[in-house]
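Below is one structure, written out as structure tokens; comments come after it.
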């Protein structure tokens, strides 16, 4: 069963080459982020603490984190009841919902931005120009990914039987969704939340073109006058996003395990 | 075509094969000789090494020690692709992107035959398994049973020196399984190819094979024609694995066993002194007798035959198989007398 | 999208579409197509190779799971951070640039190719290859071992197996992934926006210029026209995908 020795050496060499291509830029970024500004010799952590001391950068971090939170909350509040409802009561429109949810995936984000610039100039006029108004755009953006995560976990359980059982025991529809369905799709909802956070924290297209100061926009601006500090902030956000995405793969594996044993 | 293939069968010799995976011995000194044209079934529980034996013969696995030869030629070091063996897998082995006829012709293509010859031969093979009309379909358009027929045709198309069947029926419905089992035997006799058939289903093995080899823990326990395997098991494992047996207390003295008050001849390999005799249900007869020591517990109707379970005074359950006409006169709760037929039995300690 | 057919006063016009035939627009479209096609091809080939290396490891191996998880992360990794990472590596004072300068005296950075189309190709591959890995690894996993064994039994060499069995079976998935990668690169904006500050070598950057430009009034509708152009290209890709799929997978359900 084990592959021949020659192949294993060949594989190891190629994997190392790939690893170099993928990890050298990250290490280079780290190297850059510990350099003293102005190419002076020596190493420093100042660039890493900069993100907590600089007022502009800090407010953009707060804005991005809040955006991520609001996006997740709104996404779950919209998507879960709709998807459960469609599954239970109007399965006819499930194809339509799927199509609508996956639509943003096929249209380039840039095109969406172009399309909604006018809408947003009106939105900011009504709701003020806090970056948090981006929540609405981001919910659309994360829709395809969240939809698939939640749909997968909904398919894994028999929603119809579960809710019929609960209804026959006297539960209201609200109770069915909150107490019966939600606990059974926690994995999927959590996965949807993780990928949403990851996407929102790195999103640049909407924020930059609609002129909101989120973390990526602030980083890009900062780079022009303080490269190392921008690198440090970028690396920090990258690590945060990576943690969320790796958490996601662990979630999906646990789900597979559950599926295999049942 | 059949004229020239009938005597094509070659002798297969597996000698002292051992296969060790890590610290598990999958095969432990297996020696098996198959005579030309014969169909031998390897039967045993999962993990007994039967599939490993077949894969080593095919060249898909290699033995830790021991040799494989076919028609007197040592194949131990020959790669699988040069062994000329046709193999039918458990399921889903047809190439899904090829039509049925292309699947069957694949081996001929690998042998560099020209297109027309390939099509003719592949068509003949499909006719042989009764699927000539499905030549241009894809695998997913066929039922499970049809797919396995195509796999059989594909394996035979290359005129293999040996035909290998690796649980070819286990993924099929019961009814199709019986049909295809008989079909495989018919085709095998027609082409005369030496065949190794691996299965965990004893009914299948007993029905199609010239000889059945029962395997346990990497060893061959017994190799014998089906009837002999059933009536004269050589070991406790074979006796208990093949067919249904009652374990009845017995005393062996001078080659004769006393079982439930009857004297019964014993088979070679039996224990001496007190032990348990393995008695087939059809060797037990049930006689209504108000003074009898046993009580009828259940009567199960199986068509022409019925299975009657009785309880002895000490709680031992005894299963008997009788003609339904006799069995239907019995009711649960009836007192009965049990009699053991004088067929030879194996007595185990 | 109606904006593509309106002038500044909102009257219907096809004038904005004329902007698509200007030199800048044609160059940008060409640049976008070259960038998307080359990174899709490189990403697909190298990604398929990497996927094969990963899948050839035992399913329980930690290495296999780790590489798949890392691929999942890197495939989502684009935009500002990615641009920074490459500037830090092979930018004018990048780590690798300096190392090569010290070792051989050659200037890897040269005349700034990183900030033009060639640089985008290198940088885009950074997310294209991992994307290919996660999209294509399941196709390799779907190759049943019995197919290989059946082929070998019927006399096929390793080469025959790949030529007649594995490659035809993988083709539909490969083409699908190729087009997905193309669309992915075509739509990508953030990385290029940070990396490229001069010139508009690709359509998304031309759109940026059109909609952020305060100098040239009336450019917003040209932005609409360019966005429409992107939709057309993406639609063509999707249609091509479906046609290809139908042709190459007659044998599937």
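The first chain written gets the first letter, and so on, giving A, B and C; residue counts start at 1 in each chain.
Convention: contacts are C-beta pairs under 8 Å (C-beta built on N, C-alpha and C of every residue); 3 or more make two chains touch, one makes a residue touch a chain.
In UniProt terms, the chains line up like this: A, C = Putative spermidine/putrescine transport system permease protein; B = ABC-type quaternary amine transporter.
The structure presented is a predicted model; accordingly, all values stated were derived computationally and were not measured.
The fewest steps needed to get from chain A to chain B, moving only between touching chains, is 2.
Using the mean of the Cα atoms as each chain's centre, the chain most removed from chain C is B. For the pair chain B and chain C, the distance between mean C-alpha positions equals 56 Å. A straight line joining the Cα centres of chain A and chain C is 20 Å long. Among the residues of chain B, none is in touch with two or more other chains. Residue numbers of chain A whose C-beta contacts span two or more other chains: none are found. Of all residues in chain A, those touching chain C in their complex are 3, 7, 11, 14-15, 18, 21-22, 24-29, 31-32, 39, 106-111, 114-115, 117, 195, 198-199, 202-205, 208-209, 216, 219-220, 223, 230-231, 234-235, 237-238, 241-242, 245-246, 248-249, 253.
Across the complex, chain A is touched by residues 1, 46, 49-50, 53, 56, 65, 67-70, 72-74, 76-81, 84-86, 88-89, 93-96, 126, 129-130, 183, 186-187, 189-190, 193-194, 204, 207-208, 211-212, 220, 223-224, 226-227, 230-231, 234, 238 of chain C.
Residues of chain C that touch chain B in their complex: 144, 146-147, 149-157, 160, 164-165, 168-169, 250-253. Within the complex formed with chain C, the residues of chain B that make contact are 58-60, 79-87, 89-90, 92-98, 106-107, 109-111, 138-140, 151, 154-155, 158, 164.
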